[in-house]
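I've put the structures underneath this note.
The following pair of complexes shares a single chain, chain A, combined with chain B in the former and chain C in the latter.
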Partner chain A sequence: MFALQLALSGLAQGAIYALVALSMCVVYRATTVVNFGHGDLVMAGAFVVYVLVVLAGLPFLASAVLAVALLFLLGVLIEIGLIERIKAGPHIGFALMCIGFGYVLRGIARGVWGREVLPMPTVFDFPPVIAGDLVVTADALIIFAAVGVLLALFFVLFYRSSAGRVMQAVCQSERGAALVGINVRAFHGVMWGAGAALGAVGGVLIAPLTLLHPGLGASFLIKGFAAMTLGGFGSLGGAVAGGLLLGLAEQWVGGYVSTKLIDVTAYLVIILVLALRPNGLFGRAVAERV
Partner chain B sequence: MRFYILPLAALAIPLVANPYTQFMVNLMLVYVLVAVGFNLVLGNLGQLAFANTALFGIGAYSAAMLMAHAGWPFWLVIVPAGLAGAAAGFLASVTALRGIRVYYLAIVTLAFGELLRWSYIHGERATGGTDGLAVPNSHFFGIALDSETARFYVFLLIVTVLVKAVSNLLQSKIGRAIVAIRDNELATASLAIPTGRYIVLAFTLSGFVVGIAGSLFAVLIGRVIPESFGLIELILHFAMVLVGGLGSLLGSVLGAVALTALPEFFRRFPGLYEMFFGGLLIVFLLVQPRGLSALAARWWQPLRDRYYREH
Partner chain C sequence: MNYFLGMLACAFAVSAAAEDGVTAGSIKIGVMGPFTGNASSYSKAQIGLDAYYKWVNDQGGVNGRKIETVLEDYACDSAKGVAAVKKLIHQDKVFMLHGNSCSAVAMAIKPIVVEAGIPWVVAHAANGNISSPPVKNIFHGVPVGKTMGIAMGQFVASKPGLTKVAVISHTDDWAKSYCGPANEYLASKNIKPVVQEAFERGQTDSTAQTLKIKQANPDFVIACLYEAETAIFLKDAKKYGLNVPVMGTAGTDLENTLKRVGDLNTVANYYVPHMYADNLDGPRLKKFGDILKKYYPNESVTAFSLIAMGSAMAVVEALKRTGREPTRDKLITELDRTKDFDTGVLAGHISWSPSDRDGVKDVAVAGFVKGKPTVLKAWGKPL
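The block that comes next holds the complex of A and B.
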């Protein structure tokens, strides 16, 4: 029973990691840039919701939509204003640029809110669902529902719609896509926006459940990476599975070994997976073409 | 010979500095080593890495632990601190031998660095946990390190020797192989150079230099705490190498000297520090991606970097 109870909270946590990992994956697949500032975009989503709910007094749903829209805009702006401009430079420049804007976001959050840790008022005041000995909190249910709907929507959009086929085309070959008349530059901007917005949804969902502080972004970044490496870097479905697995692993390690080790789980997952199975748990080795 | 002009001129600094500015100059010397060491990986090898604060930290912690727990004098802990840093650099990058590269390797170093920092916090008995570890007064072959001036001369000697060593390294076969891997790994491998091993070697050597910087830092500050080696510190290291000029030895020295004193200004305004250094990274990437050293070379030709090719 204990294991099952842990699994439930692990899956709820893992659903958020899955969302974060998927949003990182979207940007990586679409633009081959690994966004080392992505955690801070998630953090920014959470903070915008906090500001709108607590300081501006808006209802939660409206603030959530506004926050996601704002982060979409921010993502597009980052792509156009920062990433696109250094396209000609070495690849390491992209990573440093992402680190740079990540720190700027973190600094803004710290500057506005100071050093304290912010609790958000409870948003969903529903009683938990009790099934036998199992207790499922309403928060967990809402996260499951929200993440589930979003993922379904995303995968249908990506694999079934004509817009999704355009996305897949650009992911496979930028030049080829440009030759058949797809606007690759606009596509990159939109994908950055979509990645930031998806990440922000993760932030929005986690905001009512956790204490907010500007350092949140760094931990999201590492957990997102851990989920991505577990699922095989760059695989969209793998990122989701990896996120859920990571959530489970964290709760089980915390419950059976020591709660001190919860944070370390992600680090160990990254190191062990890349050392032992570099293509992820489900990945097959890809023959490199030379 | 030209190399020694700067350190020789620096010998005169204690004549004009008060204890506070002398402390800042000493801190600059520490960061010169940090930047020069980090640059080996970030600039010369061209590999993104996040473990630099961890290497800095493990050097500082091993020095502090040997001095506080085992009672060793400072001169005896310098090499062990470097070796601890080298070992950490090796471990952080050893997956390169399994073909892990670029982003994947960067992520491994990120995880490894955070893992080390976690162990400083939770290894209370050895590291003092979040309270940190006090570093006792010590000496360098009989020279008491109890004043900023004494520390300055000792630091200047160590830093000069190590920067010269790195400069020689870059001109050696190893250094050229490292730079060649950055420019084109496939072409380098086709010359029968084992690129994976050279990547690990670059990280190990970088760890050695940065580890020694950590031991100097421990003696200078007098206390090592986990917070000194976190993400706040990391952006400073990135900024120094990038602002100085990726891949340029002179640039790392310039970057360290230019930025060391700045964090003091921002201490009173939370958040401004991260905004400033994050913004600095963005501005330099957009406007002056080759850093201060390229500016200096434009102004005076002999400073031109001989080991960096324009792409």
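The block that comes next holds the complex of A and C.
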């Protein structure tokens, strides 16, 4: 029962890591940019929903939808206004630009809420389901449901719809996609928007469970990287599996080895995977013809 | 004769001018605090300190000089703390330092302050190693972790029938400064922790820790955690049915913890060391709350807000005794002459000497009684 309880909590945490990893993976797959500012987009999503719920007095669900839409717009604007402009430059420029806008977002949050650690009002205030010694909280159920529905929608859209096929075409070959008339530039904007929106969902889900502060996104960035590494860079399904496995690993390591190791689990995963299986669980080695 | 007096006056003027941070009309004090970041609510201590110095200025200042505070943010980050204190000493050239929450940062800046020889009154950080063993220029203006840890242990041990205690803590020096003395005190009563779990800063879930503690079935939990992690642990304890009292540290307070968990039931069994002479809304502290509100009208009063005002009063008294020509050496001498100084705000009196810089040695405990924060002298015994 102890293991099962840990697993439930690990999967709930892992579902959020999966969302963060998937959103980073979407941007990476579409544009080959590793978004080092992604944690701050998660933080921004949480803060936007806080503003809408607490300050504007909107219902949580409406606030969540609005926050995700606003972050989608922000992602598009980042791509158009910042990333597209430096596309011809060295790749390191992307990383620095991402770090830069991440810190700007953090600075804005600090400027407004500097000295406060903000609590979100309780949103998922339902009694837990208790089966014997097993406690299934409303938080966990809502996170599973929200992430499950979202992931199903995303994968259906990406792999089964005509729009998804267009996306896959651009991911495989931008030049080829452009030659058949696909607007690659618009595609990049949409994918950055989708990445930011998915990250925002992670922020929206974590906001009622924890406390908000401008540095909130930093740990999610590391978890996202670890999940991506575990699943295999560029593998969308791998990112989701990696997130869930990382959540489980953290809880089981804490439960059966030592709680002192929970914090380093993500780093250990990155080191071990890169050392033993660089392509992750589901990634594929890419051979380039030169 | 006139020539001799003129030379003497010049010598005094040069001597006064040579002391950094002192001008004819002002004394510059560096106040470093975590004004941003996830421990930023601790900086309420520095805000209270600043409000008190502003109030002193409005009462005429110190020996005709106004106190000019220079506030520096370090976001509870050691590297930023080192940069902040170097700026205050070498660029702003302050006369003395009076600040610091976050013990880890205080320990990081200690070597720089010791080398500079500048007087530093520690306003809020509780790690006893900051001021012990004593060095010439560092004074602790709040009870140190050891004092509070012992008070925590005494309170926990006062619960009738207590046999099993669990500990959840960060693994840093700050947490050890509370949990170490609390455990030592309990060990002296033959009570050893049945389980000790780590919960690091920045983690957003304490399921593994909470379940392991629940399995150990303790009578009391000692939680040496910062604010955000305290709230997460208390929420998880409620979620998983861990219904035992929790003894926190002075790094948290009842009002903010209640605000963060959003539910009185979750904090109804939560206790913290209490450093004040009265309840926060009690008559003895009203004057200090009013001072804060006068200069920071939008600032809410929490357990951190007034904590540094006591040491600020001691500093002002020592500065007055240094006379018209204050020097750092004179200030250190006068701070060491502070004996049994009743600030009216702190529960304990302040006493410093060259061999003991741990200035405040009395602490109570506060908890919710009938939904209201209440100062307690022992389990179930309001002050």
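Quick notes
FYI, the second predicted complex is superposed on the first by the 281 of 290 C-alpha atoms of A that agree within 3 Å, B and C clash if a C-alpha of one lies under 4 Å from a C-alpha of the other, contacts with A are read in each partner's own complex, and residues count from 1 in each chain.
What we mean here is this: a residue touches a chain if its C-beta (ideal position, glycine included) is under 8 Å from a C-beta of that chain, and two chains touch if they have at least 3 such contacts.
Remember, it's a predicted structure, so these values are computed and weren't measured experimentally.
With both structures placed on the common chain, the touch criterion links A:254 to chain C but leaves chain B unconnected.
Residue contacts after overlaying the shared chain place A:214 against chain B and chain C alike. After overlaying the two complexes on the shared chain, residue contacts for A:5 are found with chain C alone; chain B is out of touch. Of the two partner chains placed around the shared chain by superposition, chain B is the only one that A:278 touches, whereas chain C remains out of contact.
Comparing chain C and chain B on the residues of chain A they touch gives the larger count to B. Of the two partner chains, both chain B and chain C are touched by A:110. In the superposition on chain A, A:175 contacts neither chain B nor chain C. After overlaying the two complexes on the shared chain, residue contacts for A:263 are found with chain B and with chain C alike. Once the two complexes are overlaid on chain A, the chain A residues touched by chain B in the first and by chain C in the second are 110, 114-115, 214-215, 218, 260, 263. Chain A contributes residues 2, 5-6, 9-10, 13, 110, 114-117, 119, 121-122, 128, 135, 137, 206, 209-211, 213-216, 218-219, 250-251, 254-255, 258-260, 262-263 to its touches with chain C in the complex.
Considering their complex, residues 35-41, 43-44, 171, 197-200, 202-205, 207-209, 211-212, 215, 227-228, 231-232, 235, 239-241, 259-263 of chain C touch chain A.
Considering their complex, residues 34, 36, 82, 85-86, 89-93, 95-97, 99-112, 114-115, 214-215, 218, 221-222, 225-226, 229, 233, 260, 263-264, 266-268, 270-271, 274-275, 278, 290 of chain A touch chain B.
Put simply, chain B touches chain A in their complex at residues 42, 46-48, 94-95, 98-100, 102-104, 106-108, 110-112, 114-115, 118, 122, 186, 231, 235, 238, 242, 246, 269-282, 285-286, 289, 311.
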